[in-house]
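Across the two complexes that follow, subunit A remains constant while its partner is subunit B and subsequently subunit C.
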Partner chain A sequence: MQIAFAIIAALTLVSAIAAMSLRNLVHCALCLALAFAGLAAFYLQLGAAFAGWAQVLVYIGAVAILIVFAILLTRSGEGTPQPILSRSWGVGIAIAVLVFGVLAKAIMSSSLTSNSLLQKMPSKPEPTVHQIGDQLMTRYVLPLEIIGLLLTAAAIGAVIIAMKDAGKGQLTGPRAKATQMEIPPQSNNASSASHELEEVRS
Partner chain B sequence: MIGELFNGLMLMIWKVLTDQPDPKADFLAALPERARPLVAAILSITPILMIFPGLFAATTWLERKGLGRIQNRLGPNRVGPFGWFQPIADGLKMLTKEDIVPRNADKVVHFLAPVVLLVPTLLAFAVLPYGRNLVPINLDAGMLFFFAVGASTELSIFMAGWASRNKYSLLGAMRAIAQMISYEIPLILSSVTVIMIAGSLSLVAIVQHQAGYTFGLVPHWYVLTPWGFAGFVIFIIASLAESNRSPFDLPEAESELIAGHLTEYSGFKYALFFLAEYLGMFAMCGLATTLFLGGWRAPLPFLEIVPGYIWFFGKLILLVFLFIWIRGTVPRLRVDQLLNLAWKFMLPMALLNLIVAAIWHYTGAWDFPSALLWRWLLCAGMIAGPYYWLGRGLTGRAKLVKRNYRFAD
Partner chain C sequence: MIPLHDYLIVSALLFAIGLAGALTRRNAILVLVGIELMLNAANLNFIAFWRYSPDPEALTGIMFVIFSIAVAAAEAAVGLALIIAVYRHYKTVNLDQVDSLKG
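Up next, the complex of A and B:
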């Protein structure tokens, strides 16, 4: 068990570091997908099969593909070589430590880790898919609905951005896509990436 | 020791052939305690690694013969009787070919792509129930596992297309990914109906739920219900697109893109892609069999003495033959037609089918006379009506007239 944990941990950490430091953006995206797979392996090792496979389905099946599409559609060629360490690395580390601290504090102070609750449970509970579904549909139905609404709003927003562009340019349909691939916009922000992806999908 | 092992092996083969519970027990009992988990896993993996590539070889022969018959020619007939040894000859040819990697290619990613594609495709076979007791692993979230490993093949197609440094490869990979993402949604939504009715993500439980016969004659397979039939059709169309088969073979359209993401692959790497594509098709057909066609269950009550795996593989091969038939019949779609079909037709129909499945579930409590008939009519009408209007609406009120063939008559 310990050996498996060590192997998965090493794999996840190495691929995460590679995802930050490699020069080629597509290599970074592939390494990130490997890091996602390592996280899924952690969930599986903890006996959370549903969370593990959902992680594979969502992160490797969808998020990694989205990142790769965004890279391909927003960058032309290799781009100018930049130093691996960004100038504001000090601020970055400070923010990372801060976020880690807040998350760690939240986890440590949650009721799940307090001793009284752990003592009440005689053994590790085995969460089944049935129980997870039951909880999602009864106790956590409101958060679930809100997340659904948020995602729908994001999808509609992406469609609206894509539609505006199609109206401005004379070209529509596959021709418009082809010209956009030849002259990719240089902006790298998330909204333009999602809009490009949406256009490819539609 | 050797004698015990041999006895255990023979008993195991006998138990597998007659579909008895726990076939591995006697063989494992003869082994030392520490080796048992590993050997048990190998015993589950080996048949999958033997049977499905074997089925792949048989299918290439069947496909070439079938397409030949459809196109009014003979098909392979030089190697062995009726060309039976053609797959072996093809395999040897692939093995002896030179492995060419483009000079500008990203060598590591180019090498990894076929491997990364094949491994998840093989993993998908782990959760399918092949018989009453022939289930490699009965996962609680079996269906989620199947779709999760299926989704991770998309990244490897991208890897193949991008690492080749070839415009045809990259265009083919982009097309393949856009197509796979689009058709994954109707695929999963049509399977969700089965989960709703069966109340489980475990494929074993889903097959269990399709047991029994109405009037001792009609099996309780989901394909024989209105929502199940619609779901089955949506599932088959979407799985055709997922496995990049004709009429959805745009990613490899020879006349436009040479061979899409396969352009820069040669020798055995190409064979691995080919193998993974067919294995993916078998996995999809296996899932369709399990979800809608009753899995390993017999079509008639008195046929239940025949072992379940014969029914499972029989249905699987029938579906594969259906795929070959469609490939020989339907012309290739354009990209815009492909995506329009997915988002404007299949997605609304799949969403509607979810509602119909819910109605079917709740009308199960009706108990007035001829309730079954009304339940059927309601659900079938809810699918047939929108199907008609949506289909007519999307063709743009084009007049459908009989086609005149000038040369083919």
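Up next, the complex of A and C:
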């Protein structure tokens, strides 16, 4: 048990450090998937099988692939000669070390380390999917509905944000010429809209 | 048996790694990756506290993690769409160059 914990912790932390420090972004995404897999192993070790497999499905299956797509779409997979760290990297590292120091001190000085009840897991059967579904449909039904609404709104919002904004006026730069060729069919709408606006004003 | 604070220390380390990455990398995608790592560290805390709690039958920690995973998926989708929109406008995702709100 101790050895499994040590192996999983080392795998997760090393791949997280690699995901944050490698130069090639595609390697970063692969290391990130490895870190997510280590976290899923933690969940399985702690007896939360449903959360562990949800982690595998959502994070390794969806989020990591989404990040790979974003890396390829923004062409940042090709290595650049520029430095990978921003100008204020020293401050960032200092803040991260400070945060970890505060957290570790809080954990070590709390009663969690001295309370003998918290030193070992209470033995109990693992929660079944049946139990989780029952709770989701009874006690947590309102959060479930809100999450459904949030996911729908996020999916529509992501599509709208990432959509090409063709057809909008007042474009500058090289794409303006391309859109100006589309303006004559739209001018009817525009003139009728301004006509209506004048009618409303009068 | 592994004591609870070992999990908490691993989670705090993961949070610090994510924070360092989010604050120091130049690429906007890597900043989003750092935020995801921080969210995952919080999830690990939830699961560990749930497992060591005196009443694990309530399933509170698992429920919180499931909802948190759903919110994180929505956040990743919208965040990456924003990064693609920024790339289309500036032709770069380098955060040192994307420094003006004016279009």
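Observations on the structure shown:
Everything that follows uses one rule, which is that the second predicted complex is superposed on the first by the 115 of 202 C-alpha atoms of A that agree within 3 Å, B and C clash if a C-alpha of one lies under 4 Å from a C-alpha of the other, contacts with A are read in each partner's own complex, and residues count from 1 in each chain.
Here is the rule we use: a residue touches a chain if its C-beta (ideal position, glycine included) is under 8 Å from a C-beta of that chain, and two chains touch if they have at least 3 such contacts.
Everything numeric in this text was worked out from a predicted model, so none of it was measured.
Within the superposed three-chain model, A:M108 lies in touch with subunit C and out of touch with subunit B [touch as defined at top].
By the touch criterion stated above, A:I7 is placed in contact with neither subunit B nor subunit C.
In the superposed model, A:I156 makes contact with neither subunit B nor subunit C.
Within the superposed three-chain model, A:M137 lies out of touch with both subunit B and subunit C [touch as defined at top]. When the two complexes are superposed, the chain touching more residues of subunit A, out of subunit B and subunit C, is C. Contact with subunit B, but none with subunit C, is seen for A:A33 once the two complexes are overlaid on the shared chain.
In the overlay built on the shared chain, the residue A:V56 is in contact with subunit B alone; subunit C does not reach it. Put simply, subunit A uses residues 50, 54, 62, 69 to touch subunit B in one complex and subunit C in the other. The touching residues of subunit A, when paired with subunit B in their complex, are 24, 26-27, 30, 33, 37, 49-50, 53-54, 56-57, 60-62, 64-65, 68-69, 72, 128-130, 173-174, 200-202.
On the side of subunit C, the complex with subunit A involves touching residues 1-10, 12-27, 29-30, 32-34, 36-37, 40, 43-44, 47-48, 50-54, 56-57, 59, 61-63, 65-67, 69-78, 80-85, 87-88, 93-96. Against subunit C, the residues of subunit A that register as touching in their complex are 1-2, 5, 9, 12-13, 16-17, 19-21, 25, 28-29, 32, 35-36, 39, 42-43, 46-48, 50-51, 54-55, 58-59, 62-63, 66-67, 69-71, 73-74, 76, 82-89, 91-93, 95-97, 99-100, 103-104, 107-108, 112-113, 117-122, 124, 127, 131-132, 135-136, 140, 143, 147, 150-151, 153-155, 157-159, 161-162, 164.
Interface residues of subunit B facing subunit A in the complex, by the touch rule stated above, are 106, 109, 139-141, 144-145, 147-152, 154-155, 158-159, 162, 170, 174, 177-178, 181-182, 184, 200-201, 335-336, 339, 343.
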